[in-house]
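Next up, some structures in structure tokens.
Two complexes are shown next, each including subunit A; its partner changes from subunit B in the first to subunit C in the second.
What follows is the complex of A and B.
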């Protein structure tokens, strides 16, 4: 019965995701009907002859919205899985992909890039590189300071480093002068102007990472009992911790360097997944992935439609929705 | 046989146990006693290689600290006092995770054999009726049995127990210690338990290690240690008189 009920939950969640995907493609500055969308997909997927009649909105759907939704799905998935991993590995329910300064690192990389005037692609590369360097630095300092690499040390040094780097980032924004707006806007996160190339890049990283951590679902379950107990059960906790933090950092760094900072998805999605599926990572990993996708694609839909014709940064929407939601979940729990 | 030779260990440069040399045999229940802070839990931590030690601890001529973590976990199980049990796992899901060291393959996942061992362990500890209950919903005594099931499900050669009767009512205390003793005999494994209740020690334990400051530990038959002079001196308390007085109240 247990297996059946979680299967049913997955079927429901996937149906919700499909509806959200259709809405994501349909809604925007122009609303496009379901029939037109299906028509366009038929033409594209079955390679029908284009000479007959090109439906309206072909390029809006195929060149703008569909890749945007696809990138949204993968970005939401990556942030959610990354959040799940950080929460499990640090055994901290409010850990998120940003606890170890991934976002601050990426922001600094992008700020430097903007000041130097590099291309958009190089901005992503810089953002990615600096965020990985920051997490590496935090782990290195934490391991020098505390050989057992305890969670408290990691979180503490992560926070201290993030705070310091945030000060540095403020200075960079100041020095950027006229281009400071570009840095600030980037920090708000956006899914606009995404391409199929972005989708494929994300897909490769996501598939490799998720395949790897799916192999580790038993180990992640064992970590739920705490590090000390996990060691007794036979886990090489130190090694596992570094590998998992590496994978989680990679996932977030790729998403952030591509889209800017999109908050709360990494924090909230694993919590919702836990409420629905319990503590076993065999279910939590796919669960978080679907929930993260649903949240990001819907948040992006809101970002595009709520203030038409202008578009809001999706990072602001996720924060606006996520903060109160999280408060609600926790305060309700405390009431019991 | 577990052979501990000139073993010293402790925390942050402070040696709690110094030059301990004892030999433990299979199938026997050993009790570790002593005043608070004498190093009882530290000893168990050292045997399970969770902390560093100097000297040697050899199980059938294998130095435990040289084993990989996973190989050590196959040989030694350790049921400590407090285990994070606020997780959302069921009894079955919890116990099968403790089978981890025996799981096979590059990606360690439970095999049919692993699942069968979990079922038979649950049956042995009368936990089958709780199989699909969440552990956080169980009582203290039931939880203790779940984690005891976890400690034996990997079929270890050494079972370490840190105050296994703590927080249990008297019936469960006796049940637990009898069960532990039975498991040790049946599986022919070494069982080492840190115990505070000297009545339980007296009644069930085969041999006692009394840990004391500086190398003056005593390791002997239960009767000899408990009725000997040293224990009164160590606890700074007339234990025998206290026991006799309580007995008088009861009869």
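What follows is the complex of A and C.
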């Protein structure tokens, strides 16, 4: 690559994101002309007292499509940052936001909610709560079993817990009887019917978390060189690990409880960011955020347009696109 | 219970008459009644089939059903089974005379293949995709459980009732556009197109399914619903009030005709979702909520 300045790289990435957002708003399962869309945005942004020819387009663009794109941007960002943090903290390139069972935990919460017959909002609350409890449990057991909180212990206990809970989840799906479809649908992930309120909630969590993480970028850099080095410098590795895992879990839990399980973004985005920006977290954090948004917004665009007016689960699209792409990125690295 | 009553009556009759001839006749009736059917132990693996079997008066002969079937009309305790992974040993120990399965259970190699190979009497009923399919399923079950006559009568009655509604629907001048929501699974809106009997039923009662040009069961986008602007929204759920409220307050739906005119209806029964003779209860309910003036 000829471009070496990271500033220029950011400008390019942000331009790509803007194009993707533009396309995300312009394309959907209902075809609406560009002129109408621009008109709608003019009316809304400048608060004009005007009517457009087809009022229902106003609802479609302003209340269904735009908030969905906005929630997509933030959800993609949150998953990507969360994935980056997990990969750095666990020093494991195949770690993702779901390594410690956040998705399994959320699925169990949702499954219980479905069996009890609660509202969609309460499903999110239950999903969030159980996923946080699961990660809390894993960290607690790991710290009791291994005072130094080594990565192997965390990952192993995480895996064992996830596997056990998956068995439990299977039973819950069985007990759910006819409602089991609801749990399975939820697990596939969807950005459908998201609102501005969802956007604001996500924004608050994301801004607080990312601001906090940004102050820790040097520590994260040091940690990525190795725990031994980090300890030698005098870093309290155990404490840092727990805090960072806490933040990463919070980010993922919020996204998953809102949208269901959307895979691969948390795994792939940090790798792409590393390819572009190297290994410094000062650049990796914003880089992952932009890349995660680009991937999720475009995947959702595909999900809602390829089979219109029918919709595909966005989780399936991210996996379909993300899997081969990840293989390509990773194998190419191996060839070097 | 019925049998006991019949026997009691017969004995009573016999007691009244001292004629030995009558006695013989009664004895014969009782004996033939006992031998009338070789089907005494039935396993049913789908809710719709169970309803038909019960409707044919064989609820007392059912020995096992799937987890989703309605057990309230079976007069005794039955074995419950997960029919996606049926327990072969349990099935054999129940010594069924016939196993009525549904193609719901046979996605890619039926779990009942083993049982069929062992020579058990397995009758598979395809899931109904049209009203005609419901009729033929009922008749097929009738043959399988040796209640052919009864099943034909059941189909005849059902057909008459449905045709009566179709006839009434001709009074409707303006067919209303209907969005039928099977469920909102955390934002994924589940509906149906043609090739489903619910789509056909919507048209029988005088409506027009907005996703008729789509095929089978589908997940639809909120955008396409707003675009198609249904005049009536129908869904079915046990939590009627909260579901109706959720749809009415759904972001972006405020301009939809059905919402503006407060025409969101929640069906109270789940009969529409089962292809048995009881579908008529669901059809009537749908007809009444859609066109109260015509059907009530």
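In this section, the second predicted complex is superposed on the first by the 325 of 336 C-alpha atoms of A that agree within 3 Å, B and C clash if a C-alpha of one lies under 4 Å from a C-alpha of the other, contacts with A are read in each partner's own complex, and residues count from 1 in each chain.
Heads up, the rule we're going with is that a contact is a pair of C-beta atoms (placed from the backbone, for glycine too) under 8 Å apart; a residue touches a chain by one contact, two chains touch by 3 or more.
Treat the numbers as computed from the prediction; the structure is a model and nothing was measured.
Once the two complexes are overlaid on the shared chain, A:182 sits against subunit C while remaining clear of subunit B. Of the two partner chains placed by superposition, A:247 touches none, neither subunit B nor subunit C. Touching more residues of subunit A than its counterpart among subunit B and subunit C is C. By the document's definition of touching, of the two partners only subunit B reaches A:231; subunit C does not. In the superposed pair of complexes, A:215 makes contact with subunit B only, with no contact to subunit C.
Of the two partner chains, neither subunit B nor subunit C is touched by A:85.
Of the two partner chains placed by superposition, only subunit B is touched by A:279; subunit C is not. Under the contact criterion defined above, no residue of subunit A touches both subunit B in one complex and subunit C in the other.
Of all the residues in subunit B, the ones that touch subunit A in their complex are 48, 50, 68-70, 72-74, 77-78, 80, 83-84, 87-89, 93, 97-98, 100-101, 103, 107-110, 132, 154. Only residues 2, 215-216, 218-219, 221-222, 224-226, 228-229, 231-236, 274, 278-280 of subunit A touch subunit B when the two sit together in their complex. Those residues of subunit A whose C-beta lies close enough to touch subunit C in the complex are 28-30, 55-56, 58-60, 62-65, 67, 110, 117, 119-120, 123-124, 174, 177-178, 181-182, 185-186, 188, 190-196, 259-260, 304, 308-313.
Those residues of subunit C that touch subunit A in the complex are listed here as 67-68, 82, 183-190, 211, 214, 218-224, 226-227, 229, 238-239, 242, 246, 250-256.
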